[in-house]
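Letters A, B, C and D name the chains as they come in the text, with residue numbers starting at 1 for each one.
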Amino acid sequence: MRTPQVLINFKAYENSFGPKALDLAKGLDKLSKEYGVEITVSVPATMISRINEAVEIPVFAQHVDPSPIGAHTGSVIPEMVKEAGAKGTLINHSEKRMRLDEIAEAIARSKSLGLETVVCVDRYELVHPVALLGPTAVLIEPPELIGSGIAVSKAKPEVITRAVEEVRKVSGVYLLAGAGITSGEDVEIAIKLGSEGVGVASAVMKAKDPVKVAEDLVKGAIRGMEGRRALIK
Amino acid sequence: MRTPQVLINFKAYENSFGPKALDLAKGLDKLSKEYGVEITVSVPATMISRINEAVEIPVFAQHVDPSPIGAHTGSVIPEMVKEAGAKGTLINHSEKRMRLDEIAEAIARSKSLGLETVVCVDRYELVHPVALLGPTAVLIEPPELIGSGIAVSKAKPEVITRAVEEVRKVSGVYLLAGAGITSGEDVEIAIKLGSEGVGVASAVMKAKDPVKVAEDLVKGAIRGMEGRRALIK
Amino acid sequence: MRTPQVLINFKAYENSFGPKALDLAKGLDKLSKEYGVEITVSVPATMISRINEAVEIPVFAQHVDPSPIGAHTGSVIPEMVKEAGAKGTLINHSEKRMRLDEIAEAIARSKSLGLETVVCVDRYELVHPVALLGPTAVLIEPPELIGSGIAVSKAKPEVITRAVEEVRKVSGVYLLAGAGITSGEDVEIAIKLGSEGVGVASAVMKAKDPVKVAEDLVKGAIRGMEGRRALIK
Amino acid sequence: MRTPQVLINFKAYENSFGPKALDLAKGLDKLSKEYGVEITVSVPATMISRINEAVEIPVFAQHVDPSPIGAHTGSVIPEMVKEAGAKGTLINHSEKRMRLDEIAEAIARSKSLGLETVVCVDRYELVHPVALLGPTAVLIEPPELIGSGIAVSKAKPEVITRAVEEVRKVSGVYLLAGAGITSGEDVEIAIKLGSEGVGVASAVMKAKDPVKVAEDLVKGAIRGMEGRRALIK
């Protein structure tokens, strides 16, 4: 996973699958190349192979079941999403919460296959515990702000600041921030607060021109990184 | 859904996805045409579109979540599997049991999209209740025989007989039988007992030559139907 | 279960357990005797034995797990609630939905111990299927009206009428109606529409004087039965 | 929670509730006083108040739902078990696994009420993450040894050693060990390896004379502590 990261979760909207989803992914792919900022798309299981064939940006699953290879009808397991071309997967999204033992197993199984994992949590107290399980990144999303249009980076900057402190207790794990992220400014602030990127969904998926919104986010990500570099100097 | 029906559930074995799964589906497609018996394959969500492009036999999902279009990260909803090319879906498989309200919702939502539904139950007492919900078929599988190699049609013929009586209380719903089905003879008996076909998984998926095993099952299905016609005369 | 039935679900409010719950149960017990109308209370697992010792009206559990006797830490199984004095149990409440196989198992296990079962459903399409599983009663509650104060009997009388038709397809199963029931008039209408009683929760539990509200409901139940008898003559 | 701790989980056996459970709890109460070793019993929700009235040893719930006070039919919430007399609760038992967010919430809610929490995990990798959530103790139980009669302390001593190292990364959290603990010797070893006590179920509950088995465990606990003190000198 490259930073700054703009992770766009397609969810299950009417443009999250089928030709509209393919078009959107292609637009994001072009955007990513143009600005040199990594955009990752997490897409429905039925779309992974088709989107992956059409783009070069990383494609993620939205969920994996930790079941092993075997008699597990209806499970979407790490081996399946990898075979379909996924580079990683979301785990424990607020719309698909998992048991603790399943989170640990899903991370371990995904890692052993070379899949990246972004584990979602709803409060900073869970950042350090989850980081200890060895994911690629922890994505913190205060649930009350999800889909609200009120950005976590503006409404609750202390959540990001604290989450960044927590994630740093474990080396090699990124902290992403999400919930209510709508504009480039929201992204810029989130990154200046110490996150390595953002998770976004409705602001892009429900926009009239999703790629244009994504472009604004990407620009914000660039400004955010410049701001951090300026601080270091 | 045409009868006699041979429904082959791919589950999550190592040949259930990727190139091996595609080859197997193609082999079953050829077999189906050769004998004029409908073979349906229920495959992992990540494989629906690719298998559907490669074959003409009906491709089913193994499960659908009844969530509506919207913010439902990680859900595989009826609209998604339909878009990917599925003609129908399994519901409430023994490895993916669902809540009663979710079963009702999944059947209703799938139907409204023109998807067929095969609802799995573990006892004949559930056949009539589930048939009332309006699925295409009810698949009865005594759980203690699943994957056992001991066919329900031989070990517990009364389960099929009773299930057939139950399903007939609702018009227009098929009864399929499964669990331990291994040979053409098992299929033949199941159909002579009144079922409209069988559900099979491990006997095919774990065979050295899965298509050959499937051929034996298909032949049994034909003999079963001939036996029923002979009885009627 | 006697009819007309006034089933008061204590839920998990601050007066649903402890001394307040005991006092309330005693008040309802007195009320039931005074009017000769059966009031059943469904109470938290921790309260069953204590409330049952203090009153003569039937005490129900709010849920049972269908696990058998054995290594099932944290399960509240039918044998436990029976031992504690429960006469029956709610099953599949909208706040505790269950899998279809678990509902069937919970009804069967409860019945074998002589426990009554009231199975909750959210739509009339589920009344007949659930009635076939052999519960004592089906309680229909349109979810959008639960806790709304807008009574199902006034806002959606056709839901009750239709549910009554459905339940009559199976002999020996009662139909109760719930959701938004607040006044004696609501109960009266529900019974005149053909239900054998009502399920109530918040209107009683959140009232300043819960027993007084219950008294109004009981009076409505009596008027409802009188209305039905008048119709028959 | 006092150490050494002998935590006896009653599970859902036929002697886990009713008069047999009361007798057993009284026997353990007497034993605890005789030896001066704390025995905690985790009992079904329906038994908490009755057992708590009959004994002085700490009574625990086997599970709590993290739902708040309110409309949560069928939930057993921290406030309820506290009101019934529980001093604490098991959380995330292998027979009642919970979602990560629910574990965090159940610990936080229980703590705020003064309830102790013993969180079960199946592998040492989860000890540190769970300890960070602030429970009273983490109980490690390799699932393959549960109910096996093969003690974790003999078969997998490294699991305990490693878990002890992990728990010490967070101050103020105890480590208990369980799975297959059958004899006083098993307890002695577990404590010498650094655990502060053990969790036991079937070895006591399924014994002909459960109190006698418990006595052996208590003696082992005493020897274990003596062994540790000897080492320190």
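In the analysis below, contacts are C-beta pairs under 8 Å (C-beta built on N, C-alpha and C of every residue); 3 or more make two chains touch, one makes a residue touch a chain.
The structure displayed is predicted, hence computed values, not measured ones.
S.K.: Would you pick out the chains that touch chain A and also touch chain B?
M.R.: Common contact partners of chain A and chain B, which must touch each of the two, are absent.
S.K.: What's the rotation angle, in degrees and to the nearest 5, for a C-alpha fit of chain A onto chain D?
M.R.: Chain A sits rotated relative to chain D by 180 degrees.
S.K.: Are the two sides of the chain C and chain D contact the same residues or different ones, given that same means over half of the numbers occur on both copies?
M.R.: At the contact between chain C and chain D, which are copies of one sequence, the residues are largely the same (over half shared).
S.K.: When the C-alpha atoms of chain A and chain D are each averaged to a single point, how far apart are the two points in Å?
M.R.: Whole-Å distance between the two chain centres: 38.
S.K.: Distance from the CA centroid of chain A to that of chain C, rounded to the nearest Å?
M.R.: Centres of chain A and chain C (C-alpha means) sit 45 Å apart.
S.K.: Quick one: chain C and chain D, Cα centre-to-centre, how many Å?
M.R.: The computed centroid separation for chain C versus chain D comes out at 36 Å.
S.K.: Which positions in chain D are in touch with at least two other chains?
M.R.: none
S.K.: Chain adjacency by touch: line, ring, star, complete or other shape?
M.R.: ring
S.K.: Which pairs of chains touch one another in this structure?
M.R.: Those chain pairs satisfying the definition are A-B, A-D, B-C, C-D.
S.K.: For chain A, which residues count as touching chain B in their complex?
M.R.: Residues of chain A touching chain B: 9, 11-14, 17-18, 42, 44-50, 62-63, 67, 69-77, 79-81, 83-84, 90, 93-96, 146-147, 201-202.
S.K.: In their shared complex, at which residues does chain B touch chain C?
M.R.: Contact set of chain B toward chain C: 92, 97-101, 103-104, 121-123, 125-126, 128-130, 132-133.
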